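Take a look at the structure below.
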């Protein structure tokens, strides 16, 4: 790291060119100088480098924003005709990030300050670099105090603690240990453990032992929470994938092998909506997913309705034949998507608010897309439960699926109810497709990877039992992630399947067996 | 019953038909001749450029499809007649194939890429000795035994527990699917010692005889054909016995069967194991003919396909599934060549058409057509 | 744990370890020489009872369907059971045939066979036949095949594989066919029969089984008066050689066949006696017969 | 003057269609191009396309059919190693010719196959060397992450031996496998995070199979593992695989290939333009709006052109003659170098590029070898391979 | 109200209904008698549209409903109690009754008269239909049909499995329903019955079927005189 220098120095064309095009080591050196120069032009150039918006035209270094380009040194408008991009590799990118952290810490954007401070802290915990100390002290010095908000200030203090831990006196070390103990991260644990091996001072040693225990507790807590979260998250995905099937199969008895393809249709609908937004509503792109929900629901529901009207309605009461016919439908749908969209995957971007994650308990990151999907699954579940359990349509669906001719004799338009019900189940599959497009592939095979899991969930829960479906999805998600924790992904998957086999032995009708005479 | 009943009336007994009808026997004999005489002659002795020549490619294709037909027949016994839909029969097929594959791997001897006694994949994954489960793979006799015992044993154990727990219907289907899926993942693992994802391939000889000769291929073809015929006759006999009727009764009303004093467990278990073993034998015949066995044979989709051949041909008629296997796989072979980009539409369409318009499968259609023709003929006469 | 539960547990353990259960079937406590499944004809009725229920309780989600039921039936007896809808008659048959496990109570076949330790097919093999309230036959099989399956014979896999009808069995089949008026329908699919015909077929299947004890749940429901009469005749003929327990709501039919009538109500016995006695019982009139 | 038939054996349906379909189109494009220039030996080429449907036994059946019924002069096909292993005996028995265009684990050298994809030393080893260099971040700790099948297993075995030779202890290597089609990488990424927080610079070497990459990278982005902290270098992730990913959070992660679409040279400009035009003309879904090229496409393209040159040199399509003529063939490849078929080992000499993911889904080349590298299909890091002959041997 | 005109019906090849005609008038109970398998149930199924008729006509208030689908017939005011109860086993008693009033507007409360008729149903409102005893199910089936306030009530052996006192109740109810319905409007009742005494007591009109044909008919009062009991018994 470089030492903070107060005096401003202007950016020279030569420096700019080295930064843009030189050998990596030279570029890093130049950047170090520039970052501390206090020259706004230099700061602009560094930030542009980090955005990868720098180009070189002959000897001239340009900052390019869309169509317009300016000379990096003079700030004058320039032409980007024939310019080539300045390349950034990881090593340089790392240095750039550190430089930006330095700049941000002294800037006046509180959010950036906080992020910069955290980044600084983490990098110092991982690799203590004593040369940064003066700079930290500077940042903490009285004239800057007002500039750092509480969180950022704490992070900088923690960064200082990381340095004190290695280079401070005994008292500083004890303070450092106590400060760091609150940062429940694996890297802190590693650092403290390393220190403990070298430490001779008894007071520090005692503090270390205490801190280690504290960090360990925090880590275990975080680990448990993390595992629960991943389990619930996997469960929510299984649930979403299975909910539609819980209707088309669980209630209606259609062994719908095309269920996965209905999910796929939902995902492709998302893709199409994304494309439309990008083209016609780029300003609202962040919110394209909200528009995709109804579109995907309707698209899948429509396909489902057509399937029901065209094929499935002739097969009620012959469940095993629905297997054959829907298998055929699934082949057709898959190849259809291949013909229209190509065999390769298509890109579905997550909107900004679903990217990244929230950091809790040290360095446990809970990704936003997972959190959103858990909430979404819950919402869909509640909606389905209400619809099936509390509405007249739900009642008709249940009645019709149990005894079609008699329901008709009661005055229920069974054909229409069947179509609605199947379309509803299909539409929910489409909604699942929207969610799945945010975590995995969107391609013609998308459905195939979920169909088996979906059936397992519905059957394990007990056919026709919505509550069972929920328990099964969550149970399998948690179990899978728990086993994966110590046996690896492959064995976990096998173990879960074996578990299903054994479990069904104990409960031959699934978790929520229909009790009573009609079981 | 009590003697008070007046005279026992004369009842016309339903004619207990012979095992096969006259035309049925005719077809069996024709098939026998076709497989054992016609095919070898057309393939081996008729010159290649003659229009009558039956190509090696066709022999390979037919041999493969006959193996599938055995699977479909086995599926029919358990699904069509007993009402138990297995979505895991691909597992038994694959296990039979793996047992045979292990033997064939050992037959490679030191002719492999690494010239080691061990199969190649073991060499480059640093295995120093054959793992225990390869112990008997050297012996052909043991292999034949294991082809029956391994899948049969697994089917027995699995079936015993499942049927004892009275797992039925879709619950049974799903756990069979889970079973084959789990096995697939297990076999994918390289640690399992069965070649991982690649499985076994590059076989050289069987019983010391090179595999890649037309003669060996023809012998395998004939054996497959004979096996199919024997299984067909055996299955016919089974379903016409009282045993077969109990199976159908179980399919229709299992609890009533119990109240009649039958314990369904041994019945289901027997047919389940028979069916599994049939598949295993098919798998064992399949591997030397196609030259590869790997875990994708255990993928759930493959098992579903077996059920599909059966349904297309027509359940609960033994000839139906055989026809189904030929039609679906034949269609696949032809269509993937002539319409590589559209064949799935045709195949999918075929499945839909069969379910919608031929609820009894192809055999049902044939039956109605035959009946119509007979009816007309009768009308004229 | 109550003593009878311990006893039950001990017996279950014994069965689980393959200790022959046949010992119980031998009269006078003699132990059976071989561990073979029990056979019909070995029921010990020396104490004058073929069926014996004591203090049986069953509840479903807290609803007491059977509530301290006591009942016994003598060998060769024809017992009629009547009682309001929901009294627990069908549930009682479910218990006897092993379909429902009681919460507590004793159910003995003869004086030695504790039925609670047997599964449905075992109970059927012991010699208890049952006709369901809703007729159940093998719909895809022909009338003939339905009867043939029910025929009393060794019902193990190996025997069925080698089975063929003997002349004697054919005669019996013909006789039963005649009895149930389905001689003309021999080859028809059972599923295509009308409701009443299915009832008859099911009775026929029962007869083929030659059970010691027949449980008949509303056998004449949906039959015409004349058919009802014929059924009554049939039951009277069977009586003596077989024991019968008949549940019916048809009082004419009951009158035609009954010697002793038990009235169930709310899961226990309300009254017992001849038809005239129970018909005169105020409580029975109140809950069942009506005025 | 009948056309010369060539077979195209790529899955157009099933799980592998995602990757393989575009290779079929590449062959068709090359055939069209060759025919436009007058064909081969004055005869037109005719491509026989079949669909082995991602079904390995079907690959063998189709191969036999192409060789015996259609009597094709050469076959371009296969992607997975298992499909190649499945057809290999057929090609050897019938003495056919297969051009295999995908990077693979090596340990094979058949006289009936020409391998135009990379062997491990043309991809995996240079990539790891780069990670250990200063520019690559001086990684000291490695996560070897792959899909559980033979290519990743073998590659990782080779890499482990290589890392050992560079002084990396076993405790600094973590090896993890996921099943095919695995789509939930939450736990694994959490574990990588933990593994990487021990103070030493950590890098991930990914041999995750195509299908699982999108979920993997998505999770990576969302859990905030950035390339500057823990770079991931992948061997099966190219332009086509990234099509399905939002690459902004992935900037800086790496891939190693012998070709990138973003390479700037005249041959590649022409190649990408040709492809774009072809995709538009043939209305190839996906590519008609956003044409992409990638390494296996380039390898396919090189393969068919080299075969054409060899046929012209041999003046015959006879397999034995073509095989001899193939040796030493050269071709100006889109990667800007002259690709050369080795005189002996049936593998191409290829340059190695390391690319960093850009925000637009393309790659910035951050490192490359000085020139083409000769393939070592028998990796020296596997015991006993030093005794292997350097020429293909027909298996007995 | 209801007029059935020479309908013919086939199951596959077998001719089940052979030109059956009948009339059911509002305010009257029309009873169909006949032995097992003569086609009584089939007749009612044809009336409900559950099986197609080959020829003949079915008129409700003079409007042909021969081609109408079952639910349209229900909406036209036919309530049906099928043979064998056919209640919705996995719906609760309450839900079964709600299904029964599918023809009414959503949210219509259940008619309290139903529970006056069958008090046991009120006790078991939340029990699953399939768990009820046979007789309870039969009562539920009748209540379910009444829930739609039909103008024509069709019952297929409604006394099967019901305890005597309730049979008596049912008899009284049917009479009352025919005269004044649930809401004061007379109702037509078409009853298929084997229980002769019950039938005779209720019948305003009767028909006897044999092998798919109506072989006797007339006013209920004359049944005894014409020896219908014997006719049915032969």
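Per-chain numbering from 1; labels A, B, C, D and E assigned in written order.
Here, a contact is a pair of C-beta atoms (placed from the backbone, for glycine too) under 8 Å apart; a residue touches a chain by one contact, two chains touch by 3 or more.
This is a predicted model, so every value here is computed, not measured.
A.B. asks: Chains shared as neighbours by subunit D and subunit E?
C.D. replies: In this structure, the chains that contact subunit E and also subunit D are A.
A.B. asks: Look at all chain centres (mean of CA atoms) and spot the one farthest from the centre of subunit E.
C.D. replies: D
A.B. asks: Let me check something: if the centre of a chain is the mean of its CA atoms, which chain is farthest from subunit C?
C.D. replies: D
A.B. asks: Using only alpha carbons, which chain's centroid is the nearest to the whole structure's centroid?
C.D. replies: Centre-most chain by C-alpha means: B.
A.B. asks: If you tally C-beta pairs in contact for every chain pair, which pair wins? Let me know.
C.D. replies: Going pair by pair, the biggest contact count turns up for A-D.
A.B. asks: Where the CA atoms of subunit C average out and where those of subunit D average out, how many Å apart are those spots?
C.D. replies: That pair's centroid distance is 73 Å.
A.B. asks: Could you grab the centroid distance between subunit A and subunit C? Build each centroid from C-alpha atoms only and quote it in angstrom.
C.D. replies: Each chain reduced to its C-alpha mean, subunit A and subunit C end up 63 Å apart.
A.B. asks: Can you compute the centre-to-centre distance for subunit B and subunit D, using the mean CA position of each chain? Integer Å is fine.
C.D. replies: 37
A.B. asks: Could you work out how far the Cα centre of subunit A sits from that of subunit E, in whole Å?
C.D. replies: Distance between chain centres, rounded to whole Å: 61 Å.
A.B. asks: Any chance you could list the residues of subunit B touching two or more other chains?
C.D. replies: 185, 188-189, 341, 344
A.B. asks: Multi-chain contacts only, two chains or more: what residues does subunit A have there?
C.D. replies: Those would be 334-335, 339, 448, 490, 493, 516.
A.B. asks: Among the residues of subunit E, which are close enough to touch at least two other chains?
C.D. replies: 131
A.B. asks: Which positions of subunit D touch subunit B when the two form their complex?
C.D. replies: Of all residues in subunit D, those touching subunit B are 12-13, 49-53, 55-58, 60-62, 64-65, 68-69, 81-82, 85-86, 88-90, 93, 107-108, 148-150, 153-154, 157, 179-180, 382-384, 395-396.
A.B. asks: Across the complex, what residues on subunit B touch subunit C?
C.D. replies: Contacts found on subunit B: 1-2, 4-5, 8-14, 238, 241-243, 245-246, 248-249, 251-253, 255-264, 266-267, 270.
A.B. asks: Once bound in the complex, which stretches of subunit E touch subunit A?
C.D. replies: 48-50, 69-71, 73-75, 78, 80, 82, 86, 88-91, 95, 98-100, 102-103, 106, 128-131, 144, 148
A.B. asks: Please name which positions on subunit B make contact with subunit A in the complex.
C.D. replies: Going through subunit B, the ones touching subunit A are 85, 161-162, 165-168, 170-171, 174-175, 177-179, 181-182, 185-186, 188-189, 300-301, 304, 307-308, 311-312, 341-342, 344-345, 347-352, 354-356, 359.
A.B. asks: Touching subunit B in the complex: which residues of subunit A?
C.D. replies: Those residues of subunit A that touch subunit B are 255, 257, 311, 314-315, 318, 320-325, 327-332, 334-336, 339, 448, 452, 455-456, 459-460, 463, 490, 493-494, 497-498, 500-501, 504-506, 508-510.
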